[in-house]
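What follows is chain A paired twice: with chain B in the first complex and chain C in the second.
Take a look at the complex of A and B:
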């Protein structure tokens, strides 16, 4: 647990440090991120021998204390968070199109990192509220880094997020009024099926769905994610939307009355199916590259929503493995896709999709990264996306009554293939393309390729990975 | 089993994968290094495959495993059937690589081309060596991805359109195969391919699911095998460069589909189960119809490569037909045809490429008298075309003979009519080409004589790297027919496979 706390505290401390000292900003943050990653790995190693570790902050006892819990699932999420922060940080530091060595990106991203780790570790409704608020405010600030053109998108994001926070807080207050506790385990033991509980949960669900940009409450996402600086887009799509999803999953599986959870589950699964198709449809229509990638996030969150929905509907905790595999695979693939797309957009000097015409020739590495990441988004074997889809499909085929869901997954697969190859095919179009190649940045392209290779490399550790996720998700 | 036996199948896959990945990093002007990498990959793979062939015929088994999914390891295994396909791919890859080096001389983006080319062959041998359905699926999808950049290699509008259509068909097909694989995995897990199938015990309990899975798998595999009505991508993809057409039509893609059907029928479901579930008639009818349909469509084409493409639609279905007949003799024909069709079709596409590259002859009406200008290429073309018609002693005859006998054996005499009809149609669309080539009056000037290789008829009629592979495959097409009775022929190997499958 101490390692986990170190992993949590270091980015935050380094952010304060650089705000005070204002020297070697990027270096300090990158170093802190690397140490945080090491600490997360150590925590992950530790959790193997002692599967569930609990810590009561400040030595108070429940119900006063804030409880942290470390399982192999959130240890993995901590490793993922730190890895992605480190990679994206490297990109931001060394790419010609990064935000510079002294920009506000550095302290803000470090705070974001700590807020996420705190969210993964917390098991307390109010503490979650605090981390959510922090996450949102920092994320909005990060979006504004790309200058006045992003202000509108950032404002929209801010307003909707604040509304979402209100909903969530209202729900939490109702539960507190009803049961007098905020700790997840306590609530899980006390909660009964009453109108108040349902109302509270409904409010929380609405708030969390809005924050996680789950269909149909995703409208703020494409603008915000597409207009943010490239490194920020990567962080937002890969990690930030997954935070509220985590809370949603835990609250609904732990607190919600079974019947209510089943009703919600059906709605989630239906919404998820629609998200898969409508997100893909928008991605197919948009004329802008980064907006396409952002809509792909909307569509991919559909997979998570279907999985969560069916998990609740059939009360099958095993599906949590699929859910978190989706999250991990999507996070890695999306970092690659956004870094590659952003690097191409900056190099070609146009945010239009059509600018990538002939990119297979002029920026082969970035394009390759996009395609490899796209392969995992589609769910081609043996990528991480495939592993998740495989586990999700297993129960769908167990009974003929479940086959329609398999059809939704099938359509979603084809739809994601369509928008991924919309970009890839264009990149192979070298007819009529100017012969003068733009100056490209090899390191930045390699950095964008790396996470995509990792997501395919998950195949090599698929069995232990599934084991970690299943034990972590169902302790 | 020694370590070497374990690593052998993996090394066969890596022998083209690793050179391919290195080639991606090469600069355009590093021609010698690229050629060296290409050829060393080719010859190392050949050596490995020959070793495995000898090993398997002596009763050794080769198997490589890696844990992947619950109840479904990644398994690469060299058995008799997989080696038949691997050998074919390796030999044709050798010829096609040399051909492609000559064909693309001086054109841009060759590192990319040869990189994907090698990936494509790696995926094909991986698919051939796959020991269970999950592994097969994995390489099946990788093959799609590796082929796409080759189809759109020229980067023109037509190439891109063909590429998009290719993707739409094959990715949809891949998804169907995925669903079929998951469905079967739910019922029985994904054990290794087993002679006689591994699903028989589930027949009574799951017959509806099994039927659905069979339909999904055949529909998905049928896309690559160009079965009617999902054959549409194949004729359109002929805009790709000639070596890619060779790859699509003979070495890799359509073969992957046909091979998959063979695997599913023999080693997943098993002949008995297919019979019991009454799945044979639809498959048989579909194959028979595709044979006739492809031939009729071929007859209507005025462009040489398009005619050849529809001819593939028809010829590959011979394999499916032989499988669907579910008798041992027809099975011999089917498995031998996997090799025979590949050899003959690759020869024909090489010839079409030679005509196009040397004289810019693309249309059939321009072929008049081309035999006087390019006698060796035309001779190879004649061998390929006669073989397709089923003239003895060329490879194609051997297949038809066994298919015909096999149809009689299982009491489906009407299939003979299909075979005869298709033979006649083949003659109708190939004989005029042969006649034009040899006896037609050469035009005053060819559309554009590039003077490749020297420009005089004979050994210098075109670039030697284009001519040599063409003659090589033509000679092999004759040899496998002439030597069909000996123990080293594909026919003999097919008999070995069938003896195992039908436990004769």
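Take a look at the complex of A and C:
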């Protein structure tokens, strides 16, 4: 647990430090992120011998204490968070199109890192509310870094996030009013099927769905994610929307009455299927490159929603392995896709998708990164995306009654292939010989390729990965 | 109707009023006020739940205080962002002429 706390505290302390000192800003944060990554790995190693570690903050006893819990699942999520922050930080530091060495990106991203780790570790409804608010405020501040053109999108994001937090908070208040506890395990033991519990959970679900941009409450996402600076888009799509998803999964599997969870599960699975198709449709129609990648996040979250829905519908905790594998694969692939897209957009000097025409010649590395990441988004074997989809599809194929869901997922796969190939095909168009080749940045392109290679590398460790996720995901 | 039910009902009503206002209004300040009305409603629900028994529940009150801090800072941030947006848009308009 000590390693986990170190991984949580370091980014936060370094953020305050650089705000005070204002020297060597990017170096300090990058170093702190690297140490935090090492600590997360140590925590992950430790949790193998001692599967569930708990900590009561400030040595208070339950029910007053805030409980932290470390399992192999959230240790893995901590490693993922730190890895992505480190890679995106490197890109932001060394790319010509990054935000520069002294920008506010550095302390804000470090606070975002800490808020996410606190969210993964917490098992307390109200502490989750605090981490959600922290995530929102920092994420909105990060979006505004791209200047006045992003203010409208940032404000829209902030307003919707605030009302979503209030829905969540009202739900928490009603649950506390009925049971008098906020700790997840205590609630899980006490919760009964009452009208108040259902109402409270429904309010929390609405708030969390809005925050996680799950269909049909996703309308703020494309604007906010596409208008943010490239490094920020990568963090938002890869990590920030997964926080509320984590809370949604834990509360519904632990607290929700079975009958209610099954009804919600069916709705989730239906919404998820629609998200797959409508997100992909919008991605196919948009004229802008980064908006296409943002809509792809909407579509990809559809898989997460279907998986969560079927998990609740059939009360099969095993599907959690698919859910979290999916989240990890999407996070890595989406970092690559956004960094490659942002790098191309900045190099060609145009937001339009049409600008990538001929990019396979002028920026082959970035285009390769986009295609490799796209391969995992589609779910081509042997990528991480394929692995997640395979685990999800197995129980679906086993029984004829489940085939419609399998069909929805396969249609979604086709649709995601369509928007990935829309970009790739354009990039392979012949480059106009008379125009001058733009100055490209090889290092930035290599950095955008790295996460995509990691996601394909996941297939090599698929067996232990599934084992870690299944032990961590079934508390 | 007891005092508890009255305040609980009022709190829920305020929450819904705020949500209603948020959905219907376009103007930034109106939307922020709507959010704060909703927030007030949630805090009223929490406070009335806290004082329902013989003794007041201090945990719930502590939660309300934390919630107030969050609400104040979020509102301040949103107001600043809103004024920056207005300034950016008005300077854009002047630039067009």
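As a working rule, the second predicted complex is superposed on the first by the 470 of 475 C-alpha atoms of A that agree within 3 Å, B and C clash if a C-alpha of one lies under 4 Å from a C-alpha of the other, contacts with A are read in each partner's own complex, and residues count from 1 in each chain.
In the analysis below, contacts are C-beta pairs under 8 Å (C-beta built on N, C-alpha and C of every residue); 3 or more make two chains touch, one makes a residue touch a chain.
Fair warning: this is a prediction, and the values are worked out from it, not measured in the lab.
Within the superposed three-chain model, A:53 lies out of touch with both chain B and chain C [touch as defined at top].
Look at A:350: by the touch rule set out above, it reaches neither chain B nor chain C. Of the two partner chains, chain C is the only one touched by A:137; chain B is not. In the superposition on chain A, A:459 makes contact with chain B only, while chain C stays out of contact range.
Shared-chain residue A:263: touches no atom of chain B or chain C. Touching chain B in their complex are the following residues of chain A: 358, 360-361, 364, 375, 378, 380-382, 387, 390, 393-394, 396-398, 400, 406, 410, 413-414, 417, 421, 424-425, 428-431, 459-460, 462-463, 466.
Across the interface of their complex, chain C is touched by residues 64, 126, 129-130, 133, 136-137, 140-141, 144, 148, 151-152, 154-155, 158-159, 162-163, 165-166, 169-170, 173-174, 176-177, 180, 182 of chain A.
Contact residues of chain B toward chain A in the complex are 66-70, 74, 109, 112, 134, 137-138, 141-142, 145, 148-149, 152-153, 155-157, 160, 163-164, 167, 171-172, 174-175, 178-179, 182-183, 185-186, 208-209. Across the complex, chain A is touched by residues 15, 18-19, 22, 28, 31-32, 35, 38-39, 41-42, 45-46, 49, 52, 57, 59-60, 63, 66-67, 70, 73-74, 77-78, 81-82, 84-85, 88, 92 of chain C.
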